[in-house]
Amino acid sequence: MNTLTLPSSQPRWLQALTARPALWVSLAAVIGSLLVGLLLVRLLGVPVVDAALAFADGAWGSPYAFAASVNRSLVFALVGIGFVLAQRANLTNVGGEGQIAVGGIAATAVALYGHVQDLPMGLGFVLPMLAAALAGGLWGALAGVLKAKAGTNEVIATLLLSFIAVWMVYGSVQSEALLRQPMTHSNTLPESLEVPEATRLPLLTGDYSMPLHLGLPIGLVLAVVVALVLNKTVLGLHLRAVGLNPVAARRAGIAVGSTVVGALFAAGVFGGLAGACMLQGEQYSLKAGFSSGFGFDGLVVGLLARGSVTGVIAGSLLFGFLRSGGINMEMVAGVPTALVVVIQGLIIVVLAGAALAMDRHKETER
Amino acid sequence: MSVWPAAVEPDSATPSSAPASAGALLCLQGMGKRFGAFRALGDVSLAIAPGEIHCLLGENGAGKSTLCNLIFGVYQPDEGVMTFDGQPYKPTGPADALARHVAMVHQHFSLVPDLSVVDNLLLGQSRGVLKRGECADRIADLSRRFGLALDPRARIQDLSVGERQRVEIVKCLMRDPRLLVLDEPTAVLLPDEIAALLGVCRRVADEGCGVMLVTHKLAEIRQVAERATVLRGGRVAARSEQPGQELDELVRAMIQRDLADTSATPESRAASARPMASVPGVDAIRTGRVPEPALMADGLSVVDADGVKRLDRFTLIVRPGETVAVAGVEGNGQSELAAVLSGMRPATEGRFFINGQEMTGRAPREITRAGAGIVPEDRHAVGCITGLPVAENLFLDRLQRFRRWGLLDRRAMREQALELMQRFDVRAASPDVGFGGLSGGNQQKAVLARELTLDGLRFLLAAQPTRGLDVGAVQAVYGHIQQACDKGVGVLLISSELDELIRVADRVVVLYRGRVMGECPAEPAQRDRIGAWMAGHEA
Amino acid sequence: MGWEMAAVFAGSTVRLAAPLLLSATGELVSERAGVLNMSVEGMMLTGAFAGAVGSWATGSPAMGLLIGVLAVLPVALLQAVLSITLRANQIVTGVGINILVLGATTLAYREIFGGRSRTEIPGLAKWAPPGLADIPLLGEHVFHQTWLLYAGLVIVALIAWMMRHTAVGLALHAAGAAPKAVDKSGLSVTAIRYGAVMLTGVMSALAGCFLSIGDIHTFTEGMTNGAGYLAIAAVIFGNWRIGRMLGACLLFGAATALQFQLPAFGIHVPSALLIMLPYLLALLAVGGLVGRQTAPAYLTQAYVR
Amino acid sequence: ADATRIGILIPGSKSDKGWMESGYDGLVAAQKAHGDKIKVQMIENINYADMEQALTNLASKNQLVIGVGGQTQAAVMKIAKRFPKTKFSIVGGNKGDSLPNVAGYDVKQAEIAFVAGAAAAMLSKNGAVSYVGGMEIPSIVNAGKEFGKGAAYINPKIKYVENYTGDFDDVAKSKEATLAAIAQGADVHYHILNLGLRGMEQAAKEKGTKIIGSYTDRCGSDPLYVAYSITGVGYQVEYAIKEVVSGSWKAGYKPFGLAMGAKASDMLICGGTAAQKTKLEEIKKDILSGKIKVLEG
């Protein structure tokens, strides 16, 4: 019906463009920001080719670099999927950082002190993961309960909860009564012990030359599940209904309050899982600053995706590889990694500003 | 100069003349306003002289507020010209209007609830340091001149509705208005407050200010109006130079039907606010001799956040197979009644039963389960989710039915939706188009389709089900309601369309200011009584 | 000795609270008008950076202050255009600006100072109000402060007075409580909100300058380190009233200052607990557990006539 | 011959006025000394999540990888197993698991902190000295304790105040911590801080107290500094590079500190009297001989 109403004089490419404005605007924002990044590289006096080569080498130049980029993308994607899930119910979950943090705490605690490493059938790494998911979920649900009961803006609540959780990690590795490793010698850092071998996420290739771990297939399966839930189930429809019109949803018998809490719980579960992947898949021990701002990167990925799981995957790959390449750019070409941060900031700001234009188009589409 | 609208010929019974433009304060010529494709106003001309109280009448949606907003600069006209004091007048915003001493009291209050009266009066009127004392003195002065008592230090949120209205008026008066526009200022006031307000209007006019008063209430017109203009569908339907004597003609022009005797004595007035026990048949129900009523409402009251009683001890029984209509001018408690019965808002007091089960304070879901179909008054806000496709909206409350292996069986949903759309003549390109893309009538038919196909339907609440629908759609809607009725469903129909509810319903109860004014069989012969009750004529 | 400790504690509290107070006051005005600036953090960082660079380049801390304030204007304008004119989600906008500013200042700092500069950045002079300066202990430890602190207090007092007693204050309040009423009274909601966001920018810039050239005469990458979010937390905890917000800022400042005083008394409280305390308190406040919160009714809602 | 390829990871900012900067200075000195014979890749300001990747990149392209700081140890140990042919040196490493391709250089800050404490006691006019540490980790805490003991060694009645800000780089907090110490009478301050040092300088300048520097010689260039200790972070970086270039690099734990000479660890009072100098020398000797026992760190 829509295509019929389009004036036929419009060229093909313009039709294609107007049909998916969000996609094109997002792409334009990303490409524009990358161009600004290149411009900055020039201004910094670094030959663009050198920088680009260093970038490519760091992002996908070797099996290891590739795997490291993918692992990072995995974390962003998990947080992003959680974000998109909650967003379906019109909830903005900016608490990914905190959910990663509590997930990390829970995974560490269970892996180290939960007597799980001798359990059969991979339970050794499954249980800490589940604990992380649960902890992240509860952390998210807390914001949901505040929203449902007291009408607290979930953005403010999840943000504050993030700060609290980040300092909880700091606190928990400061004290031996909590998760700090026993002080055996003078340089014993405020970190937890390394989690036992059996509680780590098994490597897919078996060695570290390409350290993809089991979190990746788990994440992919979950991504498919979430995409299914969002688009093909009653639950997904309920989420959408609550997000689009809570009053009508309530009238139609949907429990709006529990949906809100549930959505933020689910978002938190993904944050917690991201924490588990970071801890059990890569870092192996909990340290202050463990979450490394990945929760905020995941948030950006979620925002970029505009509600689609495919979008999350694309965005997380973009940022995962961007960051990996950025690190190498600094080592090889001397371009500060802060450049990547600038690019990220630009992308968010441009997309936020373009939202009205994109949504307006959507409205007329209906 | 001809200012008669081309399309509408003046009713021969309405003695009226072209508005005098000589010496007019405000003169409108051929004003038109569109909202998208919708023409809210077309070719409206009128004039207001200094010292004149000019009443603007019209049904809901006739365009009264839109016209006021054009004068006040909130909207800009698409066509037509205005002159003020003989000068061209083209306000681009309220600021322009205020600069020309045009002031307006809006239909909905525009006060800042957590500020004091003084601060509200000073907002936009003062620069630099606030001179609250000076302002309080002026308030006192105005209070004396116009008899409007106000405590300058009181906070708006602590004031009654009437007091707030007074603040709005004083706000206008502070600006030394030359033209005062009042959009339904009396809709929320108590009788003595109305009298006081009309007195103020009189005095303001006596000081040489032009007054434009929007109202639905005939008594007010009789009391103060010097001239009146009736809008209908955005066009001038009639004018009157002595509205006090031509009330009937005005009303006829407004609703295009007769309201012969507005002072008829209602015999069943006593029906209002009676206790449950006095409703005939209650004992029989309690003792199980008669089938459970579809709805039994026992003394339902609703008090809103401002402490105003919106619904006052509403008591009613709807039997299976019976259609009871709730008539009344909008805003007299119908919305609150619907909200309570659909579980969207708790009643302040009273109880109600659906199909014999007590549903007081239950969630909407439980009310649906008890067999109550609800066609809400505001279909956009409550009845549907415009962002979802038609099929999803058709089955919003029973999505579980389409679960197959945990996934949503869209195919089955689509098929059943198509079937339902055919049965209820919902016209859309496909079940997958967005609900918001349907025309108003088709949206309404879709909502009806959903509610009428509810499992175990015993009671149907249809609030304003035909609002905004074309003639064919209206027929279809009432056809469906009639069918449901025939199958033994009890129907409560809330409507302000007198003709239709008389045609469809078995009984009519009339709400006025939240109270049941009277009850009578829905027969054409009762129309006058019903009309009188709707206008608040008790005796 | 105990008294001296108390005086130092008080002075420390005041210094740590001052940047919060400055930026929180700006943010309060903006939130009152209906715009939530998550970007306070970024605005502070901009101010801190530009103030430091300006002071270093011109050799005059006062010029640095001016440059800091000027530099924040485009950032504030960006926030305003995005959230008011383009009606973008205010939170997303703010987070984006913060990330952008963090990256940009880090990059620029390294470019300008080469990352290894030991150059002393001239800082604002200290001053004590005559009379108060001579009070034993207090004079030295509490009242001897950067003049910006006193100027800031005066500005905050002026803003508090403005909010209460002037037409502008009234309009600001109404723009967040009932924008429709503002529009219909002939004022422009958009103009008021733009003004409020710009004021937040200026106040945040002052706060940032206080951090860099006021107190410690240096800039470090990402030096605001969450202070902007803390300022927002103070506004929330202060229930959108300047008086209570002042108390919240002092409380948050004291919580930090306590870290350095407790060891002297042999009391050991985990520092993580003290650091997260403000966030915890703010969470309790927004959760409605510390009295009834009454946020401006139209906070974060774009106005469409 | 090809240049020796060296990768260096500085977890903090290379311009932090402290540990990281000292390490970077060592690198610069080594580059000067070896010229074309070495080729360096460096990365700074790395958070935990990125550290492994950065180390792997460095390890795959270089013959020697230096991690500047104990916080790199865990990651280095992990990566070193995967790159048995690459050599790794950890500056500020400590005893622990050993790998055939990892060398850990122990800075032994506690030793020199004791000496610094002694110097502080000699320099203090009020009979009170203070110490501000960044993170509250054993090596930093031990250094603080030894500083206090060293001061008491000279003046048993001396008052000692210590404080930890939780962050080596937080300027405002170090300033407040120093002011708190000054309020208790301290007039000579020692520290293990990085960027945070600027806060201490600010406080000392305002209150007219003095600082004993660490890492860098500031005698004469800055009147705030009355003495400085050398903690050979830079020296260890230079050492690692020199060993690799000359082919004599060895794995395993290696204590530095006083035993490795003045470039690794030393204490100097700016314009100190002969008596002060001899006393400090005497203390150093006693520590080396074990007559004075100090904690590790």
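Per-chain residue numbering starts at 1, and chain names A, B, C and D are given in the order in which the chains are listed.
Here is the rule we use: a residue touches a chain if its C-beta (ideal position, glycine included) is under 8 Å from a C-beta of that chain, and two chains touch if they have at least 3 such contacts.
No experiment lies behind these values; they were computed from the predicted model shown.
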Note: chains that touch subunit A and subunit D both are C
Compare the CA centroid of subunit B with every other chain's and tell me the farthest one. D
Suppose each chain is reduced to the average of its Cα coordinates; what separation in Å results between subunit B and subunit D? 79
Counting only Cα atoms for the centres, state how far subunit A is from subunit B in Å. 49
How far is the middle of subunit C from the middle of subunit D, if each middle is the mean of its Cα atoms, in Å? 36
Among subunit D residues, those touching two or more other chains are 45, 136, 166
Where subunit C touches two or more other chains at once, by residue number: 271-272, 275
What positions in subunit A touch 2 or more of the other chains? 170, 174
All touching chain pairs, where touch follows the definition stated at the start: A-B, A-C, A-D, B-C, C-D
Which residues of subunit A touch subunit C in their complex? 40, 44, 92, 94, 146, 150, 152-153, 155-157, 159-161, 163-164, 167-168, 170-171, 174-175, 296, 299-300, 303, 336, 338-349, 351-353, 355-356
Would you tell me which residues of subunit C are touching subunit B in their complex? 165-167, 169-171, 173-174, 177-178, 180-188, 294, 297, 305
Which residues, counting only subunit B, touch subunit C once they are in their complex? 72, 74, 93-95, 97-99, 104, 106, 109-115, 119-120, 122-130, 171
Any idea which subunit C residues touch subunit D in the complex? 1, 4-5, 7-9, 11-12, 15-16, 113, 115-118, 126, 141, 211, 215-218, 220-221, 223, 225, 256-257, 259-261, 263-264, 271-272, 275
Which bits of subunit C are touching subunit A when the two form their complex? 38, 78, 81-82, 86-89, 91-93, 95-104, 106-107, 110-111, 226, 229, 232-233, 236, 270-273, 275-276, 279-280, 282-283, 286-288, 300
